[in-house]
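What follows is a structure written as structure tokens; I'll ask about it next.
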Amino acid sequence: FELGVVAFQMSSETHARCANAVEARATELGWEAQILNSNGALQTHAEQLDNLIQKGVDGLVVCMSKPVEADGQFEAAKAAGIPVISVMSGSSPHTLFDIQVNEYGVGADAALYLLGMINFRGNLLVQRFEANAGTRIRGKILDSVLSENTAVQIVGEHSMARTQSWREDVRNGMQALILQQTGNFDGVWASFDGQAFVIDDLLLAAGMSKGDVPLISIDGGEEAFRRIKDENSMMTATVSIPFEEMGTAAVDAMQAIAVEGVEKETLVPGPYMFMNAVLVDASNVDEFLSE
Amino acid sequence: MNAKQIIEKYGTLLAGVAVFIFLAIFANNFASGANLLNVLKQVSFLSILAMGFTFALITSELDLSFANVCSLCAVIIGFLIMSDVHWALASVVGLIAGVLAGMINGFLITVLKVPSLIATLGTSAMANGFAFMITGGVAFVGRWDPNFLFLARGKIGPIPVLVLVMLVALIVAVVLSTQTKTGIQLQATGENEEAARRAGINTRRRKVLGLTISGLSAGVTAILLTANLSSAAPQMGGDYMLLAIAAALLGMTMFTPAKPNILGSFVGSLIIVMLSNGLVLLGAQYYIQDIVLGIIIIASVAISATVLKQAAFSL
Amino acid sequence: MTTKVEVRGIYKNYGAVEALRGVDVTIREGEIHAICGDNGAGKSTLIKILSGVEIPDQGEFKIDNLPRRFETPTEALTSGLATIHQDLAVASRMAIYQNIFMGAELTRSVMGLRLLDKKRMREASLRYMGQLNKSITDMNTKVEALSGGQRQAVAICRALRWNAQIVILDEPTAALGVRETEQVLELIRSLKAAGKTVILISHSMKDVVATADRVTILRQGKTQLSMETDGLNADRLAHYILSGETVSSH
Amino acid sequence: MNAKQIIEKYGTLLAGVAVFIFLAIFANNFASGANLLNVLKQVSFLSILAMGFTFALITSELDLSFANVCSLCAVIIGFLIMSDVHWALASVVGLIAGVLAGMINGFLITVLKVPSLIATLGTSAMANGFAFMITGGVAFVGRWDPNFLFLARGKIGPIPVLVLVMLVALIVAVVLSTQTKTGIQLQATGENEEAARRAGINTRRRKVLGLTISGLSAGVTAILLTANLSSAAPQMGGDYMLLAIAAALLGMTMFTPAKPNILGSFVGSLIIVMLSNGLVLLGAQYYIQDIVLGIIIIASVAISATVLKQAAFSL
Amino acid sequence: MTTKVEVRGIYKNYGAVEALRGVDVTIREGEIHAICGDNGAGKSTLIKILSGVEIPDQGEFKIDNLPRRFETPTEALTSGLATIHQDLAVASRMAIYQNIFMGAELTRSVMGLRLLDKKRMREASLRYMGQLNKSITDMNTKVEALSGGQRQAVAICRALRWNAQIVILDEPTAALGVRETEQVLELIRSLKAAGKTVILISHSMKDVVATADRVTILRQGKTQLSMETDGLNADRLAHYILSGETVSSH
């Protein structure tokens, strides 16, 4: 079984985690899996799908794809009899289904948790990322939660202007805000965990310790859990999105449908296979740590 | 023509043919009609951008802004169409935006005398900023007029519109650059600006023209990309910057060695797209693609240089 | 004889360097007028001003009694003044014929489009080059493959092609061999015979006395003297330059 | 020195001072000691890369690979440290990787005679591919030896190690480029390679040296970045490419106008970092950064050019 | 007199152009040896081969009776052979003193570091330039701000700085004025007086007969003739070049 895997942007860790899990599971099943990286470029993405269709792969898994832009490609895949399963992409009439966690719900969980930590009163530092759909949604949900809770204010916010050297960008921007707002913020929100790690280090360097201000973000993963557990980290909670599990589930579903001939409808009735995103904090972090 | 001269002029082309033959043999499906048409469609975007870039390069100016200008044009077109402006008008505005960006580059370079590398680096950053300002990062998607989408997805007879547009662009660009007074004066300006000026050529105007054509081609590509993807997003042209430059530089090793030339840029684009298509069909992982692309580009230029016994070109 | 070009009180500084400090020259119609002087005397600077390459800080010049001020070389060329500069300014990677016809390419109409007429340009170039140097026959040769003297010939041909009323040559024979020098001097005489006015800059006293009607000597950015060359010999002319004597005529 | 010469030599510097004063007045907290130290720390990465790039530029070669080489070095260091190699050894290996990349560029350019633009474009693609090959796109994070982190986060007395490293690099680079035989020969090679060759300079070796220094500085930056972020990921140096090039080109308008020079590249880096810090403190939207950056770069170069009455530099 | 340089059967093609087709020249120690010939005769090509800029296709040359083959200019320079090329090869945006000392910069030791000794280089440059052109005193001036003749002086000074046994000058006076030409010829004579061997390429028959001991004429890539200049006058020499006559001596 030849499986084509296209990740929209491998330099984005979540895309990579998902794609790598797909590859790992496929290899376990004895399949051939070929990962392609669209480098975050829409046209490249479409072209890579076209190329895989021309190659005649037996199935396609796409991670964080763009079903609207790649509509034509998915249609062509369907016409060529190639089943497509997407992860965190959105639905398309031409794919089998999309494996999703609800980004809107995830954003609401994180925002509410943060506000709860500061008792719905106080000042926030916010680190955004507007060039990516998922992180942008999380930011918008935060904003709408805040619009109902006017006792909480954003006193400093930074939005990543760089997409490759984003860690330095976050570090530089947040460092400036932390210095500017020293003693004047009660919580920190980051649009994804990678940002939170950088901010975590900054807060520590600023002499803070766990519990001084809550640091909340979204994505999950080993490093996030380690930090939540770690007494020397400021990281308070994350919403864990099971990227690996989604990747694995995509392959397993492909195996069921394309190899074993299971009806798609019996597996996933609607456009989505929803997976749970769990809020992880000190109380349940041990369940997630692998050691 | 002796063997040396053939390799000097057609070495990279022959390397491309060799890659083609290799892929045709070893890459499953590569030589199928459908896939070759697929490759041709894919090359249209890159080659139009690369040809535009080449016009600026012919006048000895490096335009690093075309990719972000292309994104900006796409976003403008998307914004207008989503604001219920007729697609044809929106497309024309997109073209005008590209032309204006090129003219601004030209103004900065010839009147304010900002070196092209930094002028276009600056306008590139600005175009990127404006694209995000217009969109807030969100792509324009939604219902597009089928006539607009036809521009990139339609066929006239058996031939995709994309391929037709590309061929027309290629022919116009080749004739303009090699067979007209304007073209040879663009070249003279690039070869020795002072000599051209003293010979009575308005070198400023020629440079502005070269850069404007680069902007125009960014606008054309923006229309095609938007129609092809039925979406307009900031940075949607970004990936093409290095690829188009590579295509044009690869092209400088062909036909008229050491000089930027349209036909070379076209073949360069073809080689790059063919490679990335072929590597997918060969089952190569994504990181292998970058590595192989790097090697092939360097190797084909190195072969030309070895034959020339001097650098394949200087900039 | 009527005055063709009249230069009055031209000043030109390059930063701190005063290249020209009040130069006056009168050039008569149809004459061959030589300009001599030490290195750095300002000869090329004067020529650059006449040909629109540089703009003077002060002073003016008239052509055919009309005050002129050229902002670009194009203006000078279209006013009938063609120049061969000392620093040749040829596009070395372009073909001989492309250099000769640079800026005034010949075209022909093909289906309503004006396309380059390369054949006609090559043929005409061969004719021009033939007057100066018969050894080069392939007009597609790139200028970078030519020897110094051969390049000089290309630059001269480009100026001839303008068919200008005034032709300025800034040290055209400096790089030339005995035979080629003789050909250029012959060409200069034939320009005069065709009624053109020629301004010739040269360090070769021998060539100056052999061709020029009158000579002006510049010295440190000023006019030292102007005189007829009748009865002047090379040594005498060299003496004027070396000594700096100012006799208005002799 | 008259006013014109002052503006010619120090115009961009004065523009930087003006920006500084503006920010000190209008951006809350900008002029605080802590923030200024913060800016100095931030500038270290960019300036070291820009200085390395400048060495290549002095020899007239454009190195477009340093940013991806920097990412590759970081990934190598991260991989080794996570594989329990001692951090000091891992760092040395990272430096060696940078030096090797520079030497490969040098070899391609001087021996195979591939023009630098395309050679480094190629090695850049390859470095990117290898970085993804090593990581699979996932960053190396986790526990790092505190001694390693000290390289970027520690202080010696009141002064951050980062700032010290940067100052040492600055001094060494300035002395090397302006006060030594090697430096002036690098410059001669860049100014007129044939003249330098005929004067008995081994121009190949000089070019290789310039590119190797660029690679070395990518390695140094990789160590500092990895330690500073306690993570190593592919493309983590990527955006520095255009920023460092902009810094170096901005620097060409200062001190020795029209020539690449270390001090200029340093001040150029300072201006760029100061701007982005100031804009954050001013609360500007992210896309404003790009627009302002573009405007400032173009404007300061345009002013220099206006004073020079010719292009601020040519490449 | 012993033979200093002996050139035998050198061939050199540039693509289709046969620049040299079997050149023989014998240059004696301590003489001033002129090489003349038409444009494109191959003079500069011969010089480039002797100075390691180009590599011959065939043939060989000996210096002090040892066969030599220079692959790079460095090898020629370190073997005691310094050349001023016709295409000057100066770095125009660098200072005069930097050009003169290019490749052999002077240094001084500061705290164990070998740093450039700019002051000493400027002083020495001023001395070199003073021999040729007294008008330029600021050695920090960039070469691009100099007139053609002044640049020539810089190139000559760079060759002098090597203090080589053999000095080759490819048309050193082509761009020079009367006064400056005289100074260069004087300098050439003083090189000879200091025991150096000088090879001089010139199109000025007058200069050749005035300075050279012997002259070789190249014609279309071959040696036409070599002879003593004693009793030769400029016109007679020109006649040989124009006619192509081959008399081995007179």
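Residue numbering begins at 1 within each chain, and the chains themselves are lettered A, B, C, D and E in the order written.
As a working rule, a contact is a pair of C-beta atoms (placed from the backbone, for glycine too) under 8 Å apart; a residue touches a chain by one contact, two chains touch by 3 or more.
Computed from a prediction, not measured in an experiment: that's the story for all the values here.
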Steps needed, at minimum, to go from subunit A to subunit D via contacts: 1
Intercentroid distance (Cα basis), subunit D paired with subunit B, Å: 29
Approximate Å spacing (C-alpha centroids) for the pair subunit B, subunit E: 49
CA centroid of subunit D to CA centroid of subunit E, Å: 43
Touching two or more other chains - residue numbers and ranges from subunit B: 132, 285-287, 289
Shared-contact residues (touching 2 or more other chains) in subunit C: none
Set of subunit A residues in contact with two or more other chains: 7, 10, 37, 130
Pairwise chain contacts, counting only pairs that touch as defined: A-B, A-D, B-C, B-D, C-E, D-E
Residue numbers on subunit A that touch subunit D, as the complex places them: 7, 10-13, 15-17, 19-20, 37, 128, 130, 157-169, 171-173, 175-177, 179-180, 194, 197-198, 201, 205, 223, 226
Interfacial residue positions of subunit C with respect to subunit E in the complex: 14-15, 17, 36-41, 44, 86-87, 133, 135, 145-150, 152, 171, 174-181, 203-206, 238, 241-242
Interfacial residue positions of subunit C with respect to subunit B in the complex: 51, 53, 72-74, 77-78, 83, 85, 88-94, 98-99, 102-105, 107, 113-116, 158
Subunit A-touching residues of subunit B, taken from the complex the two chains share: 28-29, 32, 34-35, 38, 42, 45, 132, 136-139, 141, 153, 225, 228-231, 233-236, 238-240, 276-277, 280-281, 283-287, 289
Residues on subunit B engaged by subunit D in the complex (per definition of touch): 62, 108, 112-115, 117-119, 121-126, 128-133, 242, 245-246, 249-250, 285-291, 293-295, 297-298, 301-302, 305-306, 308, 310-315
